[in-house]
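Below, each structure is written out as structure tokens.
After this come two complexes, each holding chain A, first together with chain B and then together with chain C.
So, the complex of A and B:
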């Protein structure tokens, strides 16, 4: 891998082309090398030309204003009021009381377990499935374009619409799932969404097969892998399977990590799907942290809801750091 | 481009963007002609909600009649209809001192909103106009008052809520009238099950709690629980009437008398089997005729439909839920606007308007109406028939939602399916329901 990293090509040219270009500069080589060096400098080290600082600052002001208004202010309100009893009508600092109450509430732990369950379903089912389908479609079998579209379409449907469709799908009286099971001679009378034994699985079943986003990410990444690697492997006698597992898959590390990260961030804030399908029931079997916070908010316990929100943020940060390190996201694979 | 020019361009761009953002705010809403304009957040046109549509049409009539003096200005409000978010929406507006001049809340929401101190108290208006105050039905203000005699809302309706039944399905099961006792109803349900029919269509929320209230309210002391103890008791399981009602309702599910999809909290899951004649009964208010029965039902179902009070635990022990529904409230403190608000609510409770509302929505008037005028208005017979029967019933009681904690709906939807499916016993269910409803209502 380190060899591949050392020979990383620029965006517009392969490594061979870049080397050839450098060799072709007998006189002006110094200039070209200097130019390459300059372009390789990190952006943060770039000096702002004299006279541009004022206009840049002024140009950034609207963006900073919006960022401050819609991100920084809510963020500080959330973290600050997490230590207060705040119902909108009254306000009192209560120190760590909200957190003490939270960690004594069994429903909070149910919500954490459920949220992690949905996250695990994404990481261990949705992403691998998406990677697998993406790798197969990247081989461009017959009808791959149509398949890619079919796989991607569910991704563009809103979560709320999806929830309504699946609530009908799971309906125990007239739903497609029970009717299909009945037609196959299997028991077709289960209430999938409102039975504590199946509710969480039923909710996870609504999103783990929405793999379009992962498929498209993977296909795009595969398209950027230089053909020379496959040609060389082919010459060395590697089979298609070996090429997939020894070349393609390792080079997908970055994009797989990114897909996992995106899914985790979606899952720890999961709300609409669960709210519409089960409202967190039965007996909190499907409740998520976001829904738990929403219930507190509806009850007028805004400080408590924000304390839950701060826990969601911390979990999100831990997951981001863990996944980024595990997958070395940002480091070039080639 | 030199430095000064670049700075100027950037500054102008930023200013233009900020000006654009600032320009999104609305201007003043005062009328120039001396006409007092009041905002109404539940007067918008609605093709799906007959109550909102009626409010809209009534507001137009009001504007016509009081042109030059008062005018209702409609606010397009996504939270106008009943829903989980409506209370939060108005609480936020109350905090921002930006409540509409006129809007509607149900009794539970009024209880929560009174703590904001931003609702207008109509007590003095009613005191000042004895005739108007006397025109209201008995107990019309019961669920709309504050602890110190405040009257937070003017009721829009006063309805008896019964059980719709398909007389053809009952006849096929050997019943030529609606059961008078719960035992009889269960016999009917067993017979209907034999015929592959659903006896009672429920939804896990509104309709299910209606039957729960019926089973509680038709026992001695049941109305006391639904009126007072539901707030006072620390464990509803201490009340034997509640325990019996809860277990009986659960058993209907276990026995298969209720639709299998009775836990979603979506009333359509209860309405659909009734409207397609798969189910023989569904509990709901008189508005069901307008919202579902005459628009979505199988052909001829309206003619087969009857509307009955709840059976009793013994002969002669029938009863019914009686509710005021949503009432008109005001968030203004401006004297001139309050004059307009008072004129509007008097207009809305006039004989002509309550009859127009009854025709449009099926809801019954909150005020006493001349019998001849009622007959001439040709009101929905199913709705008026039940309200006439109410006077002769042994029991009348509020819905569990009227005086129950605001968190009852959320807690019920969460716990009821688990209880019915055997994940907890009655003691645990009622204790947790009490606790969760209260904690969600703080």
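So, the complex of A and C:
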């Protein structure tokens, strides 16, 4: 999280951050950034009162135990075994062999390209669409609340459920897509998911319209923009369109960056949909890095699977840092 | 979500309205048409589903829902998932609350490092850790066990829950607790009698999000469960795909029911879900 939202101090930072963040509590994202920034210097919080040391340790212990067992230990196992041949039982150091093997495998490159393709679909279709809908709904056209709810619903539907939905939707004979195309007089007999020409687009089509989360983030951010800005603009004769593009959009830089970050993290680890819908086929045209690692795990090449896992994590970190730079996340626009 | 934003909806031209509603209509159609179509299909006969004729069910039948329980035994998997999601949420909330309070209130050596570490887990694509997680879970004797899955899901939801709860606690004033402690109340008394009731709104928010996340979880369930009797609903959904020929109406109705659980939770607790997700700004 700190990687996501650590940032330079806001221009307006006075000493009274607690009041500021309490006041913005409903928006949340703000509280988050501020609190993390605060934790960078040990200002907040009192010293531990006499006799509380013991209870505090007891209080921290369960969380530490869970986190240590299921995040830290696996992380160290991953870094250790990525340089070994390992099947869970036998173990031998092999240096960089796993990485060498990876970079010679054309399927690995297909998996990388596909994963980046899905990431690009999110960044260039899903997020802009969500920002657009969020900005329009923030104008409060009649029925905006109901529309916000409707647009959000797909976000709480699981990947497995989406796989069921879209395996029916894309079905070459009985699917809604081909039937609708047929009804419009267009050729409607393509097997969208298993035709190498369309498979990747078909998979991307399952998630690019899940925009509810971006919409909600954008609307929360717009709600925190002071009204005076718009009033002043109207007085000066700015149209709604000008207000949207000249005032709102520039102020959304931060939240757009955050939305992209969150989406990229999902895309880099994309598994459920592809695994269930196509199992990576046809001819690995839809396979992702996570699926590639999973196949190595299934065939007992655990060291190799972990080397791929390390690549997934590194790509994730690189993308995070790049997006944070590009969007100057954390630097307040106001 | 605050409703006090820009209340400046001046008069808009007819064309602007056509543009706005046209755009929103197309997006809603693209986002929901496949889902609504599948939900409607759960009232169709197998013949109609296979032929692909007609958008609306005709004839209308509830056979799919009957099959979902009598043939697929969906209720058993739903009970499993309820156990995972319910107890996993309790576990995550309990451990995260206990850890969030001292890390929000007191300053001590290593505090900032700990906060950063817990938060960093939210920025990792966790599927990268699949094999080591499998290894650790197996070594602990927790593979393919219900209790093991509950513990694992508590851990999986811990970072998000921790980050949101800590942010909330940092933004609340400490005076009440300080007064209680001066009056001689011990740490845990203060924590459970004073802090816990004050934290209730934040707890409600993260609880819904954690529950829905675990209900919808597929990747680690697929990795860590093998027995038929331990499977969660998402694994069952994934299995439907290969069984469509076998009982398509039951499968479609089952998928609809599984989706409806988080959808209904969201519709009832909309405010909490949205607040929780924007607060975490992650996931």
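Everything that follows uses one rule, which is that the second predicted complex is superposed on the first by the 275 of 334 C-alpha atoms of A that agree within 3 Å, B and C clash if a C-alpha of one lies under 4 Å from a C-alpha of the other, contacts with A are read in each partner's own complex, and residues count from 1 in each chain.
Everything below uses one rule, namely that a contact is a pair of C-beta atoms (placed from the backbone, for glycine too) under 8 Å apart; a residue touches a chain by one contact, two chains touch by 3 or more.
Because the structure is predicted, anything quoted here is derived from the model rather than measured.
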In this superposed model, does chain C or chain B come into contact with more residues of chain A?
C
Scan A:283 for contacts with chain B and chain C and give back first, second, both or neither.
first
Of the two partner chains, chain B (first) and chain C (second), which one does A:299 touch, if any: first, second, both, or neither?
first
Would you check which partner chain A:174 touches, where first means chain B only, second means chain C only, and both and neither mean what they say?
both
In the overlay, answer first, second, both or neither for which of chain B and chain C A:88 touches.
both
Quick check on the superposed pair: does A:228 touch chain B, chain C, both, or neither? Answer first, second, both or neither.
neither
Look at A:196 in the shared chain and tell me whether it touches chain B only, chain C only, both, or neither; answer first, second, both or neither.
first
For A:78, decide between first (touching chain B), second (touching chain C), both and neither.
second
Which superposed partner A:62 touches (first chain B, second chain C, both, neither):
both
Of all the chain A residues, which ones make contact with chain B and with chain C?
52, 55-56, 59, 62, 88, 167, 171, 173-175, 297
Applying the document's contact rule, which stretches of chain A touch chain C when the two form their complex?
1-5, 18, 21-22, 25-29, 31-32, 35-36, 38-40, 42, 44-49, 52, 55-56, 59-60, 62-64, 66-67, 69-71, 73-75, 77-78, 81, 88, 129, 132-133, 136-141, 147, 149-154, 156-161, 163-169, 171, 173-176, 178-179, 209-211, 213, 216-217, 219-220, 222-225, 227, 230-231, 234, 240, 258, 262, 265, 268-269, 271-272, 275-277, 290, 293-294, 297, 302, 305-306, 308-310, 312-313, 316-317, 320
Residue set of chain B touching chain A in the complex reads 2-3, 6-7, 9-11, 13-14, 17-18, 84, 87-88, 91-92, 95, 112, 115-116, 204, 259-261, 263-266, 269, 273, 406-407, 410, 413-418, 421, 423-424, 439-442
Applying the document's contact rule, which stretches of chain A touch chain B when the two form their complex?
51-52, 54-56, 58-59, 61-62, 65, 87-89, 167, 171-175, 189, 191, 193-196, 279-285, 295, 297-301
